[in-house]
Amino acid sequence: MVPLSRARQQVLPGFGLTLGLTLLYWSVLVFLPVAALVVQAAGIPWHQFVQTMAEPRVLAALGLSFGGSALAAGLDTIFGFWVAWVLVRYRFAGKRLLDALIDLPFALPTAVSGIALTSLYSRHGWVGQWLEPLGIEVAYSRLGVIMALMFIGLPFVVRTLQPALEALDPELEEAAACLGAGRWATLWRVILPTLGPALLTGFSLAFARAVGEYGTIVFISGNLPGKTEIAPLLIVVKLEQYDYAGAAAIAGVMLAAALLVLTIIHRLQSSYSFLRG
Amino acid sequence: MAAAMVSKSPTDTGLRATARCLTEPWPIRLALILGTVLFLGLFLVLPLAAVFTQALAKGWGVYWAALCQADTLSSIWLTLLTTAICVPLGTLFGLTAAWCLGKFDFRGRKLLLAMLDLPLSVSPVVVGLMFVLVLGRHGWLGGWLESHGIKVIFAVPGVVLVTLFVTAPYVARELIPLMQAQGTEAEEAALVLGANGWQTFWQVTLPQVKWGLLYGIILCNARAMGEFGAVSVVSGHIRGKTNTMPLQVEILYNEYDFVGAFAVASVLAGLALITLVLKTILESKAARQIALAQARGQKMTETGTPEQASVVYGDPTSAPMRKRIVLSGDRIHEH
Amino acid sequence: MSIEVRHISKTFGRFRVLRDVSLRVETGELVALLGPSGSGKTTLLRIIAGLEQPDPGSGPILFHDEDVADQRVGERRVGFVFQHYALFRHMTVFENVAFGLRVRPRRLRPSPTEIQQKVEKLLHLVQLDFLADRYPQQLSGGQRQRVALARALAMEPKVLLLDEPFGSLDARVRQELRSWLRRLHDEIRLTSLFVTHDQEEALELADRVVVMNEGKIEQIGTPDEVFHHPRTEFVACFLGQVNRFSGRLEQGKVHFASLEWEAPECALLESCPVHVFVRPHDLQVAVEPNGQPALGARVEYIHAAGPRVRLELRADTGQKLVAEITQEQYRTEQLTVGSRVFLSPQNIKVFPTQAED
């Protein structure tokens, strides 16, 4: 009827004060450092930038960070859908506990999950000792990196899919059943397409988290340059060598990627709230 | 009464789904459930169990002694200090941001909302690097700081600053959708009744969002205590001085002091478990506040007033939102 | 305490919500602002309350001839009942009603005992004393409505403003509350202005009705005046059902649908195209022509459940019409679907057609 928004500005007090404080805090704490990185990265001559990026070690690290994250996020999407489905659709003892546990990777400090996963999957660990005879090496390998990335990304997928699944109108499936579709056909042709935006959002969130992850990975990866080294670690290495330009170049790429994913997520979420009506 | 309605809704859906034969045959269901339990058990519970087992591998005495090392104690102290600074500031910032972004509409609001997530999307290591670029020896302000004898990077202030950065959005993210869903009618009513701005805020706004606020604080606290990557870049790892608990875990682990590392880790894991419990409790309470606001918001949309939260977050940092969507359907009634 | 606004305009972005509105409500009156959604009625009410600022250049807002336009919302001492009541969910009914007293500056604040007595008195007035300790969520819609009213009255307002007071209630409660509010108003005689889109509510409850459309006031008058003597086409259409004919005015006579009608009130107008409005109960239905100018029609539907019988008719010109007759006439004339009838309009309203039509 009437846009309330503008009316609020006049009646509710404190708009100027709070907006001012917010902007001040945000500028000093967030925009200033981001600007510093952008300026530093933009100041690198083009050829030097290309040179840094073309180093095999850098390429390998970026490849592992982005490729591994995409793979881990993809696996998270599959397993996350399964978990979300079970948690939303079925009732069983211990469901609430399981549901609460989903957030564990998010609540657990990354260093803690890092050493925990490493000790589990290392040669003498609870799980590692069973895998070793099979020739599967998890700790200090790319497999371990992907495993750890999956670990930290899982809650993002499950928590995105749960509300979407819960909001799914039962009538949709009833209609499909009435039209003669089996459960499998309903899943593929009705449920998954409807959940499309939510699946993509979950994937993007898990991916974004995985690309930037550091704490969990440094322990389990073994940090072999060119093999299991991830981009954030390479930034740390460059910093320790006082190669600020090199660190800023890689960080600039990662910041750009983060902004891109952030934009995509916001787009997805608005389309998805729109779809929900 | 409303509470009863809320808690009833999942049962309703459950009954509905089974009653209408729209579920899978029981062997498949059983397999799916068992698969999930097994997967989550292996994937999530096992690492947690490993932390506590390793920490106590040599008995309680060794565990306790490991925790009481001077360096470890000082890392606990630094973590507590950082948290004590970051959580109140993050809360204050969250409240101011939520007030202007949740209750008002203005040009640039959408952009600000999107920017709010920035600290959560940037890699912690990149965050650390940014601060080094501003405050480090060769950074923008580094020279000035050095000439005044102020040490920020590789010192405690740096640790606090990066933690402020990474924890900044949590409270705001919880409050903004909540305040937006609740609209401004209650505040307007208070103002018409003669309350001033502060009275309106303390007596009307704050009680309506208190669970969401607490929830945000819990998340903010968890991140402040557990942050590793960003802190690792700026702390300089000076033992007994600039090491927080997660950094202490790393150092001890790299020195093959596994009991020590896992002992500190077990404290952090314990905090994480407490966080999870509080989160689960607060989540349902916050969800109820949102659901009520939503139920009202829906009535408003029916009568044509554009009043609905447009922000939807779907990640663990914002779990009440997911319940909100569930409860916002026709299953909740205020009557 | 009278309310008067002069030359109020309000724009939201490019959307002009109010265009130069002036209105005066006399002391002790109960006035309805009636209009469809988007007509600006709620905005006008909120401007009077101080919840919105009128555009710069608007005239004064006077309470008892004192300009309050510069006063903040809390200083104006208006009782405002929100459409969705805006009860504070974390406070009991008692605390809600006491809020306006408790937030007063210390020197103006009544003592706790006084507040207690006052709130109890008000809850008694709205017949809710037994619910003082409940929370709003535990009340029915009608009860919440009355709590909102008691809360507004607690601050001893100079005027009472109600935004769609019965908008979110179901039909039966709405009816009860309507007569209750009328009685309450007669008892306390507080100058009141309420917004509604329900014409029946406005006509039944108000001393005077202000009909608004597209940010302008179309007509102000008693319910009788606006219903029986609509001044504009919009008012005629908005208040109750009408049959509309296109016709022509020539030398004081209206020609429409093959009929010719004396229109003395239009005698001074030049000949022009007009719209003619006839209310369903003003279309006299006869089975045989009775000498009066009449319009042939056929009965298409009969709605007989109700105090009066509504006939949907198709005129010989092809136009769809609605007529209302008494149950008695319906029975004696034995009308059925397909019956041929003759319609003679009784009271017609003639409005010159706007140029753009």
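Chains here go by letter, A, B and C, matching the order in which they are written, and residues are numbered from 1 within each.
By our rule, contacts are C-beta pairs under 8 Å (C-beta built on N, C-alpha and C of every residue); 3 or more make two chains touch, one makes a residue touch a chain.
Please read these numbers as outputs of a predicted model, since none were measured by experiment.
Asker: How would one label the connectivity among the chains shown: line, ring, star, complete, or other?
Answerer: Contact map by chain: complete.
Asker: Please identify the chain lying most centrally, where each chain is represented by the average of its Cα atoms.
Answerer: B
Asker: In whole angstrom, how far does the Cα centroid of subunit B sit from the Cα centroid of subunit C?
Answerer: Roughly 50 Å separates the two chain centres.
Asker: Determine the centre-to-centre distance between subunit A and subunit B, using the mean Cα coordinates as centres, and give it in whole Å.
Answerer: 15
Asker: Suppose each chain is reduced to the average of its Cα coordinates; what separation in Å results between subunit A and subunit C?
Answerer: Using C-alpha averages as centres, the distance is 55 Å.
Asker: Check each residue of subunit A and list the ones that touch at least two other chains.
Answerer: Within subunit A, the residues that touch at least two other chains are 1-3, 6, 11.
Asker: Touching at least two other chains at once: which residues of subunit C meet that condition?
Answerer: Residues 37, 50-51, 73 of subunit C each touch two or more of the other chains.
Asker: For subunit B, jot down the residues that touch at least 2 other chains.
Answerer: 188, 191, 196, 303-304
Asker: Name, in rising order, each residue of subunit C that touches subunit B in their complex.
Answerer: Touch list, subunit C to subunit B: 37, 49-51, 72-75, 77-80, 82-84, 86-90, 99-100, 103-104, 137-138, 140-141, 151-152, 155, 164, 167-168.
Asker: Show me the residue ranges of subunit C that touch subunit A in the complex, using the header's touch definition.
Answerer: These residues of subunit C touch subunit A: 12-13, 17, 37-38, 42-43, 46, 50-53, 73.
Asker: Please name which positions on subunit A make contact with subunit C in the complex.
Answerer: Spelled out, the residues of subunit A in touch with subunit C are 1-3, 6-7, 10-11.
Asker: Within their complex, state which residues of subunit A touch subunit B.
Answerer: 1-6, 8-9, 11-15, 17-19, 21-22, 25-26, 29-30, 32-34, 36-37, 40, 79, 82-83, 85-87, 89-92, 94, 96, 98-113, 115-117, 119-120, 125-127, 150-151, 154-156, 159-164, 166-167, 170, 173-174, 177, 183, 198, 201-202, 205, 208, 211-215, 218-219, 231-233, 235-236, 239, 244, 247-248, 251, 254-255, 258-259, 261-263, 265-266, 269-270, 272-273, 276
Asker: Which part of subunit B faces subunit A closely enough to touch in the complex?
Answerer: 13-14, 16-17, 20, 22-24, 29, 32-33, 35-37, 39-40, 42-48, 50-51, 54, 93, 96-97, 99-101, 103-106, 112, 114-115, 117-119, 121-127, 129-134, 138-140, 161, 164-165, 168, 183-184, 187-188, 191, 196-197, 200-201, 222, 225-229, 232-233, 245-247, 249-250, 253, 258, 261-262, 265, 268-269, 272-273, 275-277, 279-280, 303-307, 310-317, 319, 321-326, 329
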